[in-house]
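Take a look at this one; I'll ask things after.
Order of writing sets the chain letters: A, B, C, D, E and F. Residues in each chain are counted from 1.
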Amino acid sequence: MAHQLISHLKEGESVHQFFLVRAAETRTDKSGKPFLTLVLGDKSGTLGARVWSDVLAKCPGPFAVGDYVGVQGQVSSYKGELQITVQYINSVEALKARGRDLKDFDPELLHLATPYDRQQLWQELWELAETHINPPLRSLVLGLLTRYQAEFMVSPAARLYHHPYLGGLLEHTWSVARHALASLTVYPDLHADLVLAGAILHDLGKVKELANPHAPEATAPGQLLGHIVLGWEMVREEARALNFPDPTLLLQLEHIILSHHGTLEFGSPVLPKTREALLVYYLDDLDAKLKMMDQHLQSDTGEGDFTSYHRVLQRGLYKGGERPQTEPETSPESED
Amino acid sequence: MAHQLISHLKEGESVHQFFLVRAAETRTDKSGKPFLTLVLGDKSGTLGARVWSDVLAKCPGPFAVGDYVGVQGQVSSYKGELQITVQYINSVEALKARGRDLKDFDPELLHLATPYDRQQLWQELWELAETHINPPLRSLVLGLLTRYQAEFMVSPAARLYHHPYLGGLLEHTWSVARHALASLTVYPDLHADLVLAGAILHDLGKVKELANPHAPEATAPGQLLGHIVLGWEMVREEARALNFPDPTLLLQLEHIILSHHGTLEFGSPVLPKTREALLVYYLDDLDAKLKMMDQHLQSDTGEGDFTSYHRVLQRGLYKGGERPQTEPETSPESED
Amino acid sequence: MAHQLISHLKEGESVHQFFLVRAAETRTDKSGKPFLTLVLGDKSGTLGARVWSDVLAKCPGPFAVGDYVGVQGQVSSYKGELQITVQYINSVEALKARGRDLKDFDPELLHLATPYDRQQLWQELWELAETHINPPLRSLVLGLLTRYQAEFMVSPAARLYHHPYLGGLLEHTWSVARHALASLTVYPDLHADLVLAGAILHDLGKVKELANPHAPEATAPGQLLGHIVLGWEMVREEARALNFPDPTLLLQLEHIILSHHGTLEFGSPVLPKTREALLVYYLDDLDAKLKMMDQHLQSDTGEGDFTSYHRVLQRGLYKGGERPQTEPETSPESED
Amino acid sequence: MAHQLISHLKEGESVHQFFLVRAAETRTDKSGKPFLTLVLGDKSGTLGARVWSDVLAKCPGPFAVGDYVGVQGQVSSYKGELQITVQYINSVEALKARGRDLKDFDPELLHLATPYDRQQLWQELWELAETHINPPLRSLVLGLLTRYQAEFMVSPAARLYHHPYLGGLLEHTWSVARHALASLTVYPDLHADLVLAGAILHDLGKVKELANPHAPEATAPGQLLGHIVLGWEMVREEARALNFPDPTLLLQLEHIILSHHGTLEFGSPVLPKTREALLVYYLDDLDAKLKMMDQHLQSDTGEGDFTSYHRVLQRGLYKGGERPQTEPETSPESED
Amino acid sequence: MAHQLISHLKEGESVHQFFLVRAAETRTDKSGKPFLTLVLGDKSGTLGARVWSDVLAKCPGPFAVGDYVGVQGQVSSYKGELQITVQYINSVEALKARGRDLKDFDPELLHLATPYDRQQLWQELWELAETHINPPLRSLVLGLLTRYQAEFMVSPAARLYHHPYLGGLLEHTWSVARHALASLTVYPDLHADLVLAGAILHDLGKVKELANPHAPEATAPGQLLGHIVLGWEMVREEARALNFPDPTLLLQLEHIILSHHGTLEFGSPVLPKTREALLVYYLDDLDAKLKMMDQHLQSDTGEGDFTSYHRVLQRGLYKGGERPQTEPETSPESED
Amino acid sequence: MAHQLISHLKEGESVHQFFLVRAAETRTDKSGKPFLTLVLGDKSGTLGARVWSDVLAKCPGPFAVGDYVGVQGQVSSYKGELQITVQYINSVEALKARGRDLKDFDPELLHLATPYDRQQLWQELWELAETHINPPLRSLVLGLLTRYQAEFMVSPAARLYHHPYLGGLLEHTWSVARHALASLTVYPDLHADLVLAGAILHDLGKVKELANPHAPEATAPGQLLGHIVLGWEMVREEARALNFPDPTLLLQLEHIILSHHGTLEFGSPVLPKTREALLVYYLDDLDAKLKMMDQHLQSDTGEGDFTSYHRVLQRGLYKGGERPQTEPETSPESED
């Protein structure tokens, strides 16, 4: 049975397909019998599910976060949100052991991920660095990209607020770096190498701050030290390893990393004190906020010209007005 | 005698040239005799001057703000700042009446002004609008540019903080508009016409907020109403005059004007609630801050790697590090 | 059956009367059957209701926001709040079609509205303007009142926080204007015409910011432009239409409208820079806050000397202490 | 020689009259000789003065803060401010000892003071309390007024910001109390006795916070405890002395005193939690701000439509626009 | 049956023991029958309970806040929190009347209380004051401790945030006073008597701010006046009663009480202006925050290295890392 | 001639002794002749000096920041501050070259420095670490102290605000560490090794942030990276060099360094999330603030019970009240 994206499900439909378990908890109903509440996910979003006690007796699981599961059930509405009332559930692993047909099982469909082709993003980012950054910063940037490529390809850009998915960091970095290149045409007296290196490396510490890209969570170093100083150290160590020849230039790059949150209140230990650092701060912040708006607009299903209130942006967004048709340079993959 | 720019004067030098009077005040010395303190300006900056009582007796003036004057004097240092001890002073008008040789008198040299060719900036801005904005916003933008061209060519972008000089508004708008065009290559799903129209018109109200471009000061409507609502009204009236056909589109453009300061604390009556408004806010703010940094770095004459504290940016700036040579697309005019 | 006010209902009582539907949503129960949750309202408040699946089968509706409905049911308590378990429900329209007796149906009882007689408030406001404001501001104020009378008679003063009901804007304006008149006896050197015109017109833009007075919601211009600038434009256009003879006086009135939120953080694009503007700001803010307190004290049903925490005022209020008996000048209408 | 008010002095005039010494300091000139800098005051303001070494040799003083002095001198301008170059100076005490003619000496002219007749203000305040406050609060208020009448008649309302002069507290209290009476006509369901008692007593602690009404300074208890708690204690002790019969009513009055700064940031240990407390807070704050504006407008001598920046109000004020002629109920005394 | 601490209960266990009723509410189920929701407490925490209609019919109560009850039931889980499904419930009073065996009933086990022996804490606090504070402050402190001993022994330190239990004020004061003594060894030039008296008396007003130590709630004076000024008055009155001989010293102690919240935003009417006041502020705040952290760490039952978000501290806490074994000087009593 | 401390100089005295040049600038007087303004310093403070043109002709210098100079002159007062009118000045180097008697020249007297014996502070700090910190943190702390001993012995604790002098970092660290040891007796369940290591190492990065201990200035890394991350890296590198065996323990120590400013606004990239980190933050902040108060009280020379306003603490301080005599454990060296 073909996979229906969670974002496309409607009240009253039946589902018979695979999901990723994002959360699971056993509770007790009024009569004292256990039932199961789940959060199921695919690449398009998440959805609650209930396995009432009678079904649970037949499908005892266990079901843990990160498990792939096959599910039959009914989509209903509860307090204004959709959820699945489960009629049958089993783990892919168990189904495989029983020799069931898993030809429709495609893990790629089940992970929240960037809509772009990650290989292509990586390629473009690499070429941007190789083409537009001069030595000695070029080898520093390429060295770090090489060293952390594996993590960079999967890491989200944030746990919750923007690009919180597989490849999110890559997508965000690619976007900020391309914007930096464009901005340099307007501000040609800025130090282009610094701006581009800063744009590419500003969030590098995220690969140590966040773990488990399928269901992002902060690491202990991430919470106790933060990605800003972790990323700074990564740059500093790479420079040491490369015997970086220009300490003044390096210092300015380090300053961009440390100051890229723009204000102390947002966790930068120093304010941007160069124009290059100021530019990277604005481009990073702008890309994150535009993405938050995008995500909020896309998740909105209500009526009216305005979305619900966005807690971080502290406003509702305007949905009205039609967009002219555009041809994005790199189009997101089609979804089916 | 060739004009020496104020920014190039040094202690101990003699001057014999023209200035613009930016401030003037008569005081009384300890023995009860009057003397004159002046602030003199040219396109590169301002400088204090003293006309002691003996000189004042021979050169009684009067000298008022806005007068052009011919001055002979000596550059000295007082409390760490240069000033001119005047040996002779007279107004250009009086000199002309006396038939003096004024061939070296060039008012253009005496006004603080954008370093760019204003005709060229205007041409580029106009072409950007004509080429990249589609109807119906194209005619709205071109209509407003036409209607306010005279003011737009001379108005500063702010009284004090950034681009506070002849043509400052034009330079700032040109910069923001070109940046917007560049940003749209990175965010192609934004409404390009709205972004470009917003970028060009966001500060239009400045032409009513500020008067006297040679020595900018706020008008009464500027202080009691502010440029944000004044500019909004200008857009709204032009649209009415043009019978603008798309009220929803117009509303979104108006929203960009009103929200372009980004937060209520900075005087926008509404927060940006569209991605287009958010982008214009960031590009405007970024250009202003980069210019403030530029101005502060250029006005710094001290030693050490850092400038003095900048009161608005609330930080000192880093001066160290050499810049690579660049070829700006539109180069500022040469200064001699 | 006589209407029982929602604010007077108690657990265990039966109801058999009319309501206004303020919200409606269909959900699915555990067994997959649909049921209906409603919010019902009358002039005294709102209340939740449940139409379980068996009742819903007999009374299928549909029921939409804004419908008048006849209801039979039982008042019960759920999570500490009262709600109605519905035994029968039908729309007034359907009942009418069936020829049922609707003599007890009185829409006035079902709308949240000012407790005052709106005609009388309007009369008093008009007389205040006519008597106490001198030309040329008198004709400007009366012109605007005339032009927007219809909207002014019904508009709420705010969507949620204070006077959020039919005639709320009128009640608030009447109160602020009368207070302004009283304040002028203490500050006789203020410009009385400006203070009174400002007090009457300060919130005029609300008639464009808010729609649907029976269940107030913000319009798109309301959210994207805000009532402050909308009201300012209304004043400016009326003045143009009247060929208002004193531009300086007009500028000061416009300044009162734009600055009447008192601080930038609260959405005024400029700070009050005249004493008249300062006074109007204080009287507006005070009236809104006193009303919020009133509303919170009246909605409180708990025990103890203090109300629950008020989210906007950020405090609980003191309920203790008896009030001396007073004779209000204009008494709210009786409620039966 | 008739007294010329400091606020009326102009550059170039001669003075020959009496002043109050508000500050005095001996300095050394470049040649090592001592000279004297003074701040001289009268009821209209203050002014700097210099007694150069040659004059000082003949008029050695000493001159201390609080001394009355006779002065001959010349009004000149220094750094944009007027000052007196003294030709002769002696203390009134010394002049008296020498039998000089002191018929023009009138201490009342030399103290900064309320422009109103303090006896009349006191009379009106007393009558307001006696007429409009009911028992038991009436006797509490009258008891406190009686007990602190002497201090109340002279105390300023603040050291610097508003009403910083002889009788300032009385003028401010009289104004707030009259406004409270006027406001009660608009909000008749408030507890009138509480509002009026709160309005009259809210700043009572000022008589202990500030000393030396001619040149106000904070006392040690004023700085370490503050007028809010000092005033609260005064009310509480008076109530105890009177065996005040209604503890709940008293508690509400005490709450008004403690919360009258409206927010914690401004020094109230509790937020206003009753409508009566809220009203007194607004009326107090409004009167102080209106007075600050008044003072700033009156002290402004510059050109243009706007005053200089007011550091506390954080804005310049609009001076433009003519005021219609008014007849204040209680006119300030004429000044000559 | 031995008492099982609430903090040790697990899903699926049976309980048969005594509790304190902390909250009680009757609701109606879908079929219209009443059921009871309770919050039950013991010294280790609180827990929800449900008495469904069938059980309620047999055990009709009534059950009010503050009642001791005997309960039989089953521990289940609801929305991730444990609760008791009650099978039998009756009040201790009723059980006593029926002659039931109450030998296991121990009220001490049922009150949330400091884990320390309150007599011992009191003894240590008293000795600290007696040994280390010199006259005349010694008798002031001992006088106040004597006068308010009864309240001091039971009062919590706060209603919710830290030490919100029987004896909490005593435990907090004991801790701050001992820390103050330790700090004086590092800052020996501070006035030791002032520091110690301030540390012991800083929160004295809590005994008037909070009532009902078993289930703390704010009094009307507590909410309308606050513990800071109430405590200040208590010190002032004791000093008057003792004819305290050194008014300057007393003023400094009063200042410590009033300024001990450190900033105006947190309710102190004055900022600390002496080093002694600054030290007491830091030690008080530190002890409260450390206790909040303690309480949050101990109440955390989740997995992972970090606790849930703490609303007041605005962060999650790190749980990882083992603590070395320590021997506290005064060990909390054992819990079984 | 014996050295008179700057802090003891009085108007009218003669000086004949040595100073350190802290600032120097040549200016031009009205007649166009150069004169010299200096800031001279010794261990007790700084003082302005003027070398007028006639003296400068005889003593041409040059005099640069950091030079020791012998000076004869006269102490006078200018705008309320003392300054020296120089009659003779020469550098110690030149005097030495001329064979002058320099027996009174003692550089130790000329540097602003901690009043304590630095060797003794170091000894006590070392012993505290050696005695009270267990492995493995002991060797980490001692390793870092050893590695940075030279810098630690001279570095100030801050450029301006507290301990801004030779040995200031050592004095501050010694104070915080001793306080930490004392606090642990009150909070015995904290991890003592972490607290002590954190207390000793929290400001270690200052040795890289600040240069030139005799006249502290920020380094470029200090301004672009900040001492917090610099210190963190130093700890991390030492741990790597030592092959530190307990990564979880190390992480907690690193967290203390990074979070020790307590809030993001004050430059910590993370909030304290352990009780150990919270304690170190409070003890550091308290010591800095107490020292600021100390410094301000000692520098105050005015009359009255209160100091002038302290710009950082945002308050004036209370000077009144006598201190009881105390015997500090480690007394500051005597000053003559």
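Annotations
Just so we're on the same page, contacts are C-beta pairs under 8 Å (C-beta built on N, C-alpha and C of every residue); 3 or more make two chains touch, one makes a residue touch a chain.
Just so we're clear, the structure is a prediction, and the values are computed from it rather than from any experiment.
Path length between chain D and chain F in the chain contact graph, taken as the least number of steps between touching chains: 1. Chains that touch both chain A and chain E: C, F. The pairing of chain B with chain C is characterised as same-residue: of all residue numbers used at this interface, over half are used by both copies.
Averaged C-alpha coordinates give centres for chain A and chain D that are 62 Å from one another. Averaged C-alpha coordinates give centres for chain A and chain B that are 43 Å from one another.
For chain F, residues that reach two or more other chains under the stated contact definition are 220, 223-224, 251-252, 255, 273, 306, 316, 318, 320. Interface note: chains touch in the pairs A-B, A-C, A-E, A-F, B-C, B-D, B-F, C-D, C-E, D-E, D-F, E-F. Chain E meets chain A in the complex at residues 11, 52, 74, 76-80, 85, 304-306, 316, 318, 320. Chain D meets chain F in the complex at residues 25-28, 30, 32, 217-218, 220, 223-224. Within the complex formed with chain F, the residues of chain E that make contact are 134, 175, 178-179, 182-183, 185-189, 191-193, 248-249, 251-252, 255, 271, 273-275, 278-279, 282, 285-286, 289-290, 293-294, 306, 314-318, 320-321, 323-324, 326-329. If you check the complex, the residues on chain E that touch chain D are 220-221, 223-226, 228-229, 232-233, 236, 248, 251-252, 254-255, 258, 264-270, 273.
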